[in-house]
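Pasting the structures in now, so scroll down.
Next come two complexes, and both contain subunit A; in the first it sits with subunit B, in the second with subunit C.
Presenting the complex of A and B:
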């Protein structure tokens, strides 16, 4: 494993290319790093400035007297090799090369030169052609993206720059807390596998979300991802579905199928969840990052609307989850608190009259029933209830129960329901505006639950295979 | 029969052939323990008769030539030969047909092969991907693969758990496990062994680019399977 500890816990960061012009990329990065509250030393590097944003500026990294673990390099591409040389001499461990104008525009030799020089000093390279990285536990933001990141436990790795920056914003709007954001760009040196492997052991990360265009070493990637997905979920948005679709259609026996289907197979064998859309990826991420894993496959739906319950049931079925009848004990207990016209099947239909108390009681009873493994709770706007109160009841029921079980919530309606959804999201209760999305996100939890078992068994079998191969050689 | 599969590959390479001859492909599969038909290569009618009586009847004869791709088109295949006399005549018939229809073809001999009983046709194939390495494909033969593209892919090494998953992934997988319209469930163990072994071969023999076992006759539970046709391409 590549030790990335000092990238994420640096003693000092140099920003090469920061200037007094506030709109230059180097300056935006410097400002973001200062505003993020990074507690190590920050060194702006600029030969033409004495001081930038109140910090002493240095003409070169080697002129800095303190320890610099990371150099964020934002100078034009042709100047990068010399900066790398300087950083190497100064003992920098990681170079984050923001500059573009390398392999992505055909400058392969220049990119190779950067890596070659870095290697000479044992320095590792992130990029080039990246937007920087974030690590909230160390209060680092060296990106030129937004700075309103919510700290949390989701690590996000992006191969795309523009989309990556945009998704930083999306994560905030969606209320998704972030541990790390890493732009990996051209992956001239460090790649997906290096970061997945490191983040797999990072105690501040409990889910890894990736936007991927392609990888180069499939076998190594699968090996790393298989081990990590046993510890935490990996969700990948993989671009290139349609192009591959065309290739798959043209393929036949022997020539097999297109690229996308191979990625799909590789992901499945490694326990990775493949999201088809960005919306789906964020939906799943919230459900998985904020929930414990279920103990079994008995999902119960609690709803105040029959139609929404049916939609939720169908969406669960799409993920291979079939609802079972609730236990007699749970039915008897519910009967005590609910009116006679409530339907005690699965979904449990509290009917349109359901108030906050009914929600509180039925969720509490379901959480305490040993036969219930997970819950999908649905609220449809009604004339008589305040969604804020319902949200409060859901929150209270979860808080007061000693049993932690996976839950997803749908708050269906208008402005007020949307506000209630945001309220629950702030409490890390994954909540969605439609029953289908609440169910699909519960489906993702189960997809991971089964993926983990598959990978566990597969790795066991591979170990056995390796042993027999060894014995054969002996 | 234990033979060094590297000899097969070496010879093909020396002769500048990318495609293994049918008996070579069978030999290679056999050396890895895959269930291929009993077979032998005959260079004379007498040899054909000797091999045939060892294998047992009925027998299939096929011309073996690097220059002939579509054997039936040149009259190079005779099926269902029931005794020694038919085998002798069959051998001569094939030789005459080929002499007439493909006079310049180089002839290696005639493949004398056990006639494979009908079974449910399944397909196992493999190729190499630049990024992931060997990829193994599995599906049911006929319209399932050709028209519906109902196949599952796994990256090697393919384990038994992977094959379980493949059978769950293809829509026609239930036919194997549960049977269909009076057809009994199939020998799942046999197909698992074939798929995992194809993966092993691809890993152990990097010279191979493609394997196409099509069709494989898959029989009822505990009755095994038989690779009816094997195509192996070198890289």
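Presenting the complex of A and C:
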């Protein structure tokens, strides 16, 4: 395993290419790092400045007196090798090369030169052609993306630059808390596997989300992903699913997207959850990052709308989950607190008259029933209840129960329901605006639940014989 | 065709069951109708009140001196037949029976009695067990749902009550403009086919969106839907796709959801677009309601992010759309205005440096190119551009071109991009927060484009021989 500890916990960071022009990429990065509240030392490197944003500037990294563990390099590509040389001499451990103009435009030799020089000094390279990285536990944001990141426990690795930066914003709007964001760009040195392996052991990360265009070392990737999948879920959006998409990816990155079905099978063998869309990946991530794993596959739906319950049932079925009848005990207990017209099947239909108390009681009873493994709770706007109160009831029921079980929620309706959804999201109760998305996200929990079991079994076999498929995705 | 003109353009509406208690359903309906700005006469009917919400109250409909075309009946089920009798005598044309407690709870006889009495007077019944209806051109809202409806040209028919009311709110949040909302409930008399047929000719409606649990008269439904599909798109969410979902639907409505694959094939033959999720249906509705139909299937993607372009390409492929190379002329024209590093394939990648002017120019050129039939435009947040300006450029390019072509847009990023998305949505430019949703919605346009062609051909045949499938979905 590559020891990335000092990348994520650096004692000092040098920003090479920071300047007084506020819109230069190096300056945006410096500002983001300052505003993120990084508590180590920050060194702007610029031979033409004495001071930038209130910090003393240095003509080179080797001119810095303190320890610099990371150099974020935002100078034109041809100048990068010299900066690497300087960083190496200064004992820098990681070079994050923001600059583009390398392999992605055909400049293979320049990219190789960068890695060669870094290697000489035992320095590792992130990139080139990246937008930087984030690690919220250390209050680091060396990206030129937004700075309103919600701290959390999801690590996001992006091969795409523009999309990656945009998705930093989407994560904030969607309430997805972040531990790390890593732009891996051309992957001249450090690649997906290195980061997955390290983050697999990172106590601040409990889910890894990846936007991937292609991988080169398939076997190592599968080995690493399999091991990490046993500890935490890995969700991948693999671009270039279709033939046309693969062609577009090739013209975009110069690298072949490869045969999607091979990726698919390799991912399945490694316990990776393959998302087809960004929305799906983010939805799944919330459900998996914020829930415990279930103990079994008995999912119960609680709803105040029959139609919404049917939609949720259908969407669960898409993930291979078939609802079972609730136990007689649970039915009897529910009967005590619900009116006679409530439907005690599965879905449990509280009917449109349901108030916050009914939600609280029925969720509590379901959490306490040993036969219930997970809950999908659905609220449809009615004229008579305040969605805030329903959200409060859901929150209280979860808090007051001794039993932690996976839950996803749908709040369907207008602005007030969307606000209640955001409120529950802030409390890390995964909530969605449609019943299908709540069910699909519960489905993802079970996809991981089974993937993990599968990988456990497969790894036992793997000791005996190497699977042939491992070679096929190279 | 059932003439529903006076339902949607009534001279007077009686609200039976309105009272001074503000939270009673009849009162909410009365308030909604007043606040919606309905310009005909409103008659609260309540034997125990002189005046309700500033309007003179009447003991019965027959006591009203003016013309009452519609009676909205919100009294307990057992009292409904007498109200129907009274309404019939008063010459009411349509009874909208809000009350539940009929067939859905086994009271078949009471429901039949209601229809029988109505028939005697030539009166038609909507419901029972409905939440009312909306028709924005006449400023009518007789529902007990929300009242912040955005006027527009999408008609929404819902068999589900709770979900239907909730989706009224969702439509507003999502910016989907509404012409009509009809809750059809138990469909004791008027059913989907009657409304589809009428709305097919309604000049204020250019798309019909249906949440359906099941239909009974399959043949008539297919005939009507086929004819209407030629004029405007019909999107249906059919609940009970899975076996478990069908069981849940059965316990919810008492009616069998039927075999999904039969519905699927009947819908395909009728030109209906079958949506699997609420989100999909709403996304498609915006794209179809706000766009002209394309002239051919050459879709061009314009993006500032390669990765987002690949995602969009993949999602188009899911709908059977394969991107073709752009014409040499368009490439040459783009070369004039774009920097050399922009990628002139399809997707056209303006790169992360793209500003509003590049968007304006490239969209304008694509609209003017006779080989381009439709556009998917994607913006990924960058640090250097204001998404508002990009949105403005998209709007301006569409306005200043003589050529109207279908377009969908993705604005990917943080709060500012979401706001730009809402701004474009207000302008009826269908905009989504992910590239996949923008592409899928373009895909729906093409699904309709081909469905329409197919139905045209099929209807020609239909004159010769009745298709056997028609009988199979009864």
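Criterion: the second predicted complex is superposed on the first by the 448 of 474 C-alpha atoms of A that agree within 3 Å, B and C clash if a C-alpha of one lies under 4 Å from a C-alpha of the other, contacts with A are read in each partner's own complex, and residues count from 1 in each chain.
Everything that follows uses one rule, which is that contacts are C-beta pairs under 8 Å (C-beta built on N, C-alpha and C of every residue); 3 or more make two chains touch, one makes a residue touch a chain.
Note that the structure is a prediction, hence the values are computed from the model and not measured.
Engineer: By residue count, which of the two partners contacts subunit A more extensively, subunit B or subunit C?
Structural biologist: Tallying touched residues of subunit A, the top partner is C.
Engineer: Pick one for A:81: touches subunit B only (first), subunit C only (second), both, or neither.
Structural biologist: The answer is neither, since A:81 touches no partner chain.
Engineer: Quick one: is A:392 in contact with subunit B, with subunit C, with both, or with neither? Answer first, second, both or neither.
Structural biologist: neither
Engineer: If we overlay the two complexes on their shared chain A, which of subunit B and subunit C does A:222 touch? Say first, second, both or neither.
Structural biologist: first
Engineer: With both complexes overlaid on chain A, does A:458 touch subunit B (first), subunit C (second), both or neither?
Structural biologist: first
Engineer: If we overlay the two complexes on their shared chain A, which of subunit B and subunit C does A:163 touch? Say first, second, both or neither.
Structural biologist: A:163 contacts subunit C only, not subunit B.
Engineer: Once chain A of both complexes is superposed, is A:91 in touch with subunit B (first), subunit C (second), both, or neither?
Structural biologist: Neither partner.
Engineer: If you stack the two complexes on chain A, which partner ends up touching A:435: first (subunit B), second (subunit C), both, or neither?
Structural biologist: second
Engineer: Let me test your reading of the model: by the given contact rule, A:268 touches which partner, first (subunit B), second (subunit C), both or neither?
Structural biologist: Only subunit B is touched by A:268; subunit C is not.
Engineer: Pick out the shared contact residues on subunit A: the ones touching subunit B in one complex and subunit C in the other.
Structural biologist: In subunit A, residues 248-249, 252-253, 257 are touched by subunit B and also by subunit C.
Engineer: Quick one: in the complex, what on subunit A touches subunit B?
Structural biologist: Touch list, subunit A to subunit B: 214-219, 222, 248-249, 252-257, 261-262, 265-266, 268-269, 454, 457-458, 461-462, 465.
Engineer: With touch defined as at the start, can you tell me which subunit B residues reach subunit A in the complex?
Structural biologist: Residues of subunit B touching subunit A: 123, 125, 127, 129, 131-133, 135, 137, 145-146, 149, 151-155, 157, 159-162, 165, 210, 212, 214, 231.
Engineer: Okay, in this complex, where on subunit C does subunit A touch?
Structural biologist: 23, 25, 28, 105, 144-146, 148, 158-170, 172-173, 211, 213, 237, 239-245, 247-249, 251-253, 257, 276-279, 304-311, 313-318, 322-323, 341, 343, 345-347, 349, 351-352, 380-384, 412-418, 433-437
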